[in-house]
């Protein structure tokens, strides 16, 4: 499962967690990558994902567009081809 | 694999047109096929024939038209969402007598590369495809 | 072969947008395909089912709002029996089961994960 | 007092059309006047000639048209926001050769009760009016 | 000044406070009235408004549409005519 | 009579929507009216000014994004000298003044109240 969501308030990042389970990937897309600039909230979010065996990825092109660097080793950066691979690897996607 | 695409975000107030197009291009380049792109909710605005961005701005409508022509991918606008938001085929405009001058009106507001159909077409495609991806 | 299972998730409140109206359109089509259809109300989506919605007196001189949320009560007639509401979404908004216009199954976050895994497609509104 | 109205929310994905119309009607009933209603950003979608809601749904476009006719209030669509989103007057369609059949095309996508003008008109009205209210 | 905003997450209610000052009115409009159903957050919001001499009102029609009762004596319910009066009474409006 | 003062507030991040592009259109018109124009970047609006935005190599086979945020650097040439950024918005997003493509005045919430009261009109994007 791939969950993507535009991130507006920091609390929004935790919302898709009610869908995600072990083996799923949460993909940060569009404005969702802005969360990677925030040092506080993402640490607890990533810890919760790790505890539930949920992978986290972010779309490289959307990071570059917004000038966002990835300082988190737990987050995989993927391009659109990697996004396609994620969709193929999971049986369904939940858009957020 | 066969991927069914659902687009629900508006022109300009969402990035969905750009994201979906980049995804579709990458999928085709990787050897997958897009069974159809279905435009629902505000996504129907991406079919607007009259959209005319500035020269250096991203042109969603014509990018969809080019992608569809190059890959023979069907573009489908939801009829009910389209009628609500004023996206219609030539035939609908005639049927609903919406043109200002009935005698000379043959022009819908949806680009002719987009067909107009019901939500059944979305559901059938989701049953026939191996994957479905939504862009909001 | 058993029917495919489709889950429709509504996360937005009614009247400020068409998400509920257009989710209902999709749900009814799903039911007409003889799919096994479930609907989950999440976050502000629980306000779709809030009772005492009052669109006021019809007045042809004013713009009129359509009270489309009545349709949720008719879903059963179309073969949609599985309505779910996240308990936490209700709690956080000061709502309880008795505020809802139609009986729905209260469900916690852990059960939502199971629900999603049991369904073949998930549409979010 | 003279009130200048700015509407920036879309048809259907915002309540702005309904809220703004109710506000305008109440203002006129209270003896105030609406100097103009200017549609900017996604608000331009509220001028779509082809919008055709279901019979029992709120019809924003025709409600604006009726309000404008009854009160002689000018409705103005921003030219740049409108061109981006495909809302055009007859003249613009002809000028940009956007019709499918140039010989018979005289039909814009904006209702003729709406005029199309630049952001200068919004700024001038805001200078000339005693109040400005925005509906998003 | 009248500030109106559609309320999505509870934190959003506090955002317009950076604009409002003594004598201003915050008008809850459209989805913003949903906040009145939440017992927790609104108490602290109203206390902050009161401390800064900011009035809070809510649009009656939007409350009725959504089935929301007003349990707060500090919140004035106004109809569209009252909304017009607020606009006339304040020299400018900030839309949120 | 001194020029009227107009404040344009940008609260959204770039690229996912047209708020920045259409705010700039309005700001340039305001400046052409010889108004006293100020711009305030608030909440995710501070990302409009973030440095290192990279739209990638122009490739005619791909949809191309326009890097419209460069225009913020040119505002000075149009007589717009007052750019404000809320300090708290920067802090909460892990950004500092050195991340911005154009010099802007850092301003706290108390000063925003003063700013608003000093301006004749406020447009929010």
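The first chain written gets the first letter, and so on, giving A, B, C, D, E and F; residue counts start at 1 in each chain.
Methods note: contacts are C-beta pairs under 8 Å (C-beta built on N, C-alpha and C of every residue); 3 or more make two chains touch, one makes a residue touch a chain.
Here the structure is a predicted model, which means the values were calculated and not measured.
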item	value
Shortest contact path, chain C to chain D, counted in steps	1
Any chain in contact with chain D as well as chain F	B, E
Chain whose average C-alpha position is farthest from chain B's own	E
Angle, in degrees to the nearest 5, of the Cα rotation that carries chain B onto chain D	180
Best-connected chain pair, where connection means C-beta pairs in contact	B-D
Longest centre-to-centre distance from chain F, chain (CA-based)	C
Between chain A and chain C, centroid-to-centroid distance (C-alpha), Å	27
Multi-partner residues of chain B (at least 2 other chains)	12-15, 22, 25, 41, 54, 57, 84, 132, 134, 136
Multi-chain contact residues (two or more partners), chain A	6, 8, 30-31, 61-62, 92-93, 95-96
Where chain C touches two or more other chains at once, by residue number	15-16, 18, 65, 121, 124
Parts of chain D lying in touch with chain B, wherever the complex brings them together	10-13, 41-42, 45, 48-54, 57, 61, 83-88, 90, 93, 96, 98-101, 104-109, 112
Residue numbers on chain C that touch chain D, as the complex places them	15-18, 21, 61-66
Chain D residues touching chain E - in the complex, by the definition given at the top	1, 3, 14-15, 19, 22-23, 25-27, 29-30, 32, 131-136
Chain F - residues contacting chain E, complex	9, 42-43, 86, 109, 112-113, 116-117, 119-122, 124
Chain C residues touching chain E - in the complex, by the definition given at the top	13-16, 44, 47, 50-56, 65, 92-95, 99
